[in-house]
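In the two complexes that follow, chain A is the common piece, with chain B as its partner first and chain C second.
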Partner chain A sequence: MRLLRELGIIGLSVSLGLGVGAIITAATGHSVPAVFRELALGAFSDVYRFANTLMRATPILFTSLSFLIAFRAGLFNIGAEGQLFIGGFFAAWAGFTFSLPPVLHLVVCLLFGAAVGGLWGFIPGWLRARRGANEFVTTMMLSYVAILLTQWFVSPGGPFHGGRMAARTVRIESTAELPRLLAGTQLSWGLLIAFIVALLVWYFLFRTPRGYELRAVGQRETAAEYGGVNVARTQILAMVLAGVLAGLGGAAEILGIHRGFTVGFSPGYGWDGIAGGLIARAHPIGAVFAALLMGALRAGGAGVDRAGVAPRDLVEVLQGLVILFVVAPELFRLVGRWRLRRRAHGRAQS
Partner chain B sequence: MRKLLLVLAVVALAATVAVGHPKIGLILATGGLGDRSFNDMGYWGAEMAAEEIAEQYGVSVDDVLDYVEPREIADYEGYYREFARTGEYDIIVCIGFDHAEPLEFTAPDYPDQKFVIVDDVADADNVASVLFNDQEAAFLCGVVAGMISDTGKAGVLGGMDIPLIRRFVDGFTQGMQWVDADAEVMSRFVGAWNDPTLGMELSREMYRAGADIIYGAAGGSHLGTFVAAEDSADRWAIGTDVDQAWSVPEHSDVIIASGLKRVDLAVYEEIMKVIDGTWEPGVIQYGLATETRTGHGIAFGPWDVSEYIQASYSTASLPNDVVRDVLLKLDEAVQGILDGTIEIEVE
Partner chain C sequence: MDVLSLDLLVVALRLATPVAFVALGELFSERAGIINIGVEGSALAGALIAGIVAHYSGSAWLALAAAVGIGMLLGFIHAIWCVYLRANHVVAGAAVNILVAGLALFLTVLVWDWRGRSASVVSLDPWILVWLLLVLVVVAQVFLFRTRWGLRLRVVGEHPQAADTAGINVYRTRVAYSVLTGALCGLAGAFLVNNLGRFTAGMVGGRGFIGIAAMVVGNYKPIPAFLAAYLFGFVDALQMRLQDVIPSEISMMLPYVLTVIVLAGFLGKANVPAALGKPYIKEQG
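So, the complex of A and B:
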């Protein structure tokens, strides 16, 4: 029943977002039917296009999971974009540095991406748990560190520049490539990995004691502490896992699609994850559908752009509106809860 | 059965009619249209070809030319596949060196599809890679510097210390010394393509060291050179790729010339080769001293002298006789490059 109501709210929100989008489309002098037709065709018209939607949904699923696992522990991981970049870079590094047998090499690369992503989550987690540094700020700032650091790594003159004109590393060994799921599309096995990881996150959160502790900390820190949960350790764990998930997403993207680290490989998948996690109401299975929605919007947006019926900017306005409308009710609820909790926390300390 | 055959025949007929006119797919670089440089030139070249084709087949340019402006490098591969999988496009043109690697591993999936990449090599059997002899335009710019400079000193502001930019420095130095054997050329490297502030500082340093002309080969960074040149009336600057007196009109009074990289001509020619049936994959070098004999030149002075020397939008106040002398010297240099009496040595 609750699920039905949530789905109803989301459906209504999407329609509202598209409705307001339609008004803006018409007001700016573009054909509403043409834009919506191309939006739908771009995301769903045939196997190739649907593969495009799934391809775009894959990294968003990873970053949505990253956001929601921290969120379940009462923390905001705004830094998935950076964790994606640093994870992607080190997966590529393992991909062109080591020489290993086929499957093993791929696994090592994925683990490298996950581990370095985890490190990128550990730092703000530790700072938050031990030093009280606001993770909102630290994750965001570390994100820029990761993006700019990797950019310097692979730019001409940087230590890992591939030696050609573009800001890229050399190509990874073929043994490190994540194969394509469908030939002739960009969809890789990353999708299945993301899906399995989503199930694992669900299992962890709702079926293991650690997951229970994590959620307890997120619901009421003081109560969890009273109940014998090590709050600091749980917070660090949550942030490490958030980093691992985003880092794995970056690794899958680089190994499956770009086959070498390249500057600008993410059009903001990390930021999409924030919206994705909120749309999913911080539920791992919900995240699958949220990622699908966001992936469809991205793939459809490219379709509108390609057909030339409206500029890319307008499509981004549409995407933004849909996300805004879907997230808005949840966002208000969350910020309210978060402030209450902070206030309660403050009172408890004074 | 007969009905089925009839239907098939009609479908086949419809298909041949639909295949009537050639189609061009154009994939720009992430900068997109409106950059008054690489992307715009690529588009002009494709548009020029599309206009010719459209006229020949009695259709509109929009029927012939489809183009996309990828926002991210991540979009490239999707666009290759999106165009190539239809099988409708006689040629898919990719503008910019960013395309090299994604194209390299995507092109083999569509062995019958012809691709062109501009400005780097994509190593695949169905790709023509267009490269430019950058040193030639640089040489011509050096000739201008040699003719105009009073101090006998000039500078080059490079984006990065890489072989590509070394070709600019070498070409420019040899061009200037071809005019004035005692000329001295200094060079500075910004380390970035988008740092005009540092570009300005390094340019000021060279101007203060006695250079009165600086050649910018640093992308967005040498916009700072133009600013630095405005400091004093006896300082000039030379632009790159397009006539920057046109693309950066606020500094047209100090930009006396611009070395041209004719991306538009290269794109046009590659497309027309497909139409003529003479297209071939592989590396195609564009430049004065190559088989194609196009793709380079210089914008200088108010008159068109040849297809290599074009009128510039520059508003620099040079006496008419100086302009004439420089144009004559430039023509001599071009002839020298063409007949091989001038050989530009690069590393």
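So, the complex of A and C:
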């Protein structure tokens, strides 16, 4: 019953966001039916477009899980974008540097991405737990550092520049490639890894003592401490896991789709993760559906652009509006209370 | 090449200006108990609207007013979300950032047909805004610690129940100062456009977040926050000089790395407002 109510509120919030988006669409001189039709067609109309939706949902699921695991511990990881970059780069590095047998090579690359991402989460986690540094500022700052660092790595003149003109590394060994799930599309096995990881995060959070401690710290830090939870260690763990998840996402994206690190590989998947994690109300299984919604918006946005009915960035505006309404849980309760009061008032008058 | 010179100190002041506007803005919000990480997006919105209004009206003053106006609107929305809808402050701010980032790309395509940048627009002498900032910093310091209104503001952030008992409307005070925060972010954005003579979607580029850091380092006090922002401006100016010597990507990391280092070292003794980020729920009588 509670779940149904939650789902209802999320559904209403999403619709309200899209509704305000429709007003902006119309106000800027675009056809609302055309935009929403192309949005739906671009995301779902055939198997290739749906594969595109799933392909874009994959990294968003990773970054959503990254955001929500920190959020469950009462922390904010808003630097998933940088963790995605640094994880992606080091996965590619392992991919073109080592020579290993097929499956082993792939696993090593994924672990490399996860580990370096984890390191990128460890720094703000440690700074928060031991030095009291605001993690939402430090994750953001380190995100810029990671992006600039990887940009330099692959820029002409940088140490790992491997393209002729383009800012990218050389191609990874074929043994490190994450295979495609569907021929003729860019959808890779990364999707299945993401699903499995979502289940693992769910299991960790709700079925293990460590996960319970993590949530306890997120709910009431002082109470958790009295209860014998090591708050500092739990906070660090949460941020490391957040970094690992985003780093793994970057690795899967690079190994599965681009097969070499390129700076333009993310249109903002790290930011989408904040949205995904929030729409999912920080639940790992909910994140699967939230990531699908975000992926569909991205894929549909490309369709809107292709059809020429509106610039694709309109979709980002829609996304922002959806988030804005999803994060205001009191909105509908407030409306409900107001209606009750009005009804009571009406009765008193008659 | 002379890396350190008087000129560098002047450039640093200019680079510090948007950071300091945001720092000052964040200070008012957080003193009232509201965390606003949407300052990054509010500054970007100010810049965007300044660019658009300057483009259509040809008036840089009108553009400035519009930037302040959009900042106030976003500050108002943020406050409604935090105070009345009891949204998580950080999350609501992040939503503002994402929304504005999307609008910046969308509207530049509509207005100039370029994704994420404008044509050059009319601009004011950016020094007008630098001087305005310096005046505002001093006024804010006096206001906060030497006036009755400043005291009321601090009480709302420290002990909302006490403020309520003393007859101060906690909700309205929070909304009002959040709107002020937005106005100052709008000025930060307007400064960036007047400084460059055009709008680009990457022009805020983390300066909003650095402004929050400067405010924290300045221990929630206007003049120290300004000095912290100036330090960031100085490092920013320095990194531009260093670009001839080391790769630009590496030198551009400097302000971000500095922020992390500084936050790690100084926050231990910060006097964070006690009710920061907590919704105040008035008891129903």
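By definition in this document, the second predicted complex is superposed on the first by the 324 of 350 C-alpha atoms of A that agree within 3 Å, B and C clash if a C-alpha of one lies under 4 Å from a C-alpha of the other, contacts with A are read in each partner's own complex, and residues count from 1 in each chain.
The rule is simple: a residue touches a chain if its C-beta (ideal position, glycine included) is under 8 Å from a C-beta of that chain, and two chains touch if they have at least 3 such contacts.
Predicted, not measured: the structure shown is a model, and the values here were computed from it.
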| item | value |
| --- | --- |
| Chain B versus chain C as contact partner of A:152, first or second or both or neither | second |
| Which superposed partner A:228 touches (first chain B, second chain C, both, neither) | neither |
| First, second, both or neither for A:317, with chain B first and chain C second | second |
| Chain B versus chain C as contact partner of A:209, first or second or both or neither | neither |
| Touched chain A residues, chain B compared with chain C | C |
| Partner chain in contact with A:329 - chain B first, chain C second, else both or neither | second |
| On chain A, the residue positions that both chain B and chain C contact, one per complex | 157 |
| Of chain C, residues touching chain A in the complex | 37, 77, 81, 84-88, 90-92, 94-96, 98-103, 105-106, 109-110, 115, 205-206, 209-210, 212-213, 216, 247, 249-250, 252-253, 256-257, 259-260, 263-265, 267-268, 270 |
| For the chain A and chain B complex, residues of the former touching the latter | 48, 52, 55, 156-157, 164-166, 168, 171, 183-186, 257-260, 262-267, 302, 305-306, 312 |
| Chain B to chain A touching residues, read off their complex | 30, 66, 68-69, 71-75, 77-79, 81-82, 85, 97-98, 100-102, 105, 109, 119-120, 160-162, 164, 191 |
| Parts of chain A lying in touch with chain C, wherever the complex brings them together | 28, 76, 78, 123, 127, 131-134, 136-138, 140-142, 144-145, 148-149, 151-152, 155, 157-158, 268, 271, 274-275, 278, 311, 313-321, 323-324, 327-331, 334 |
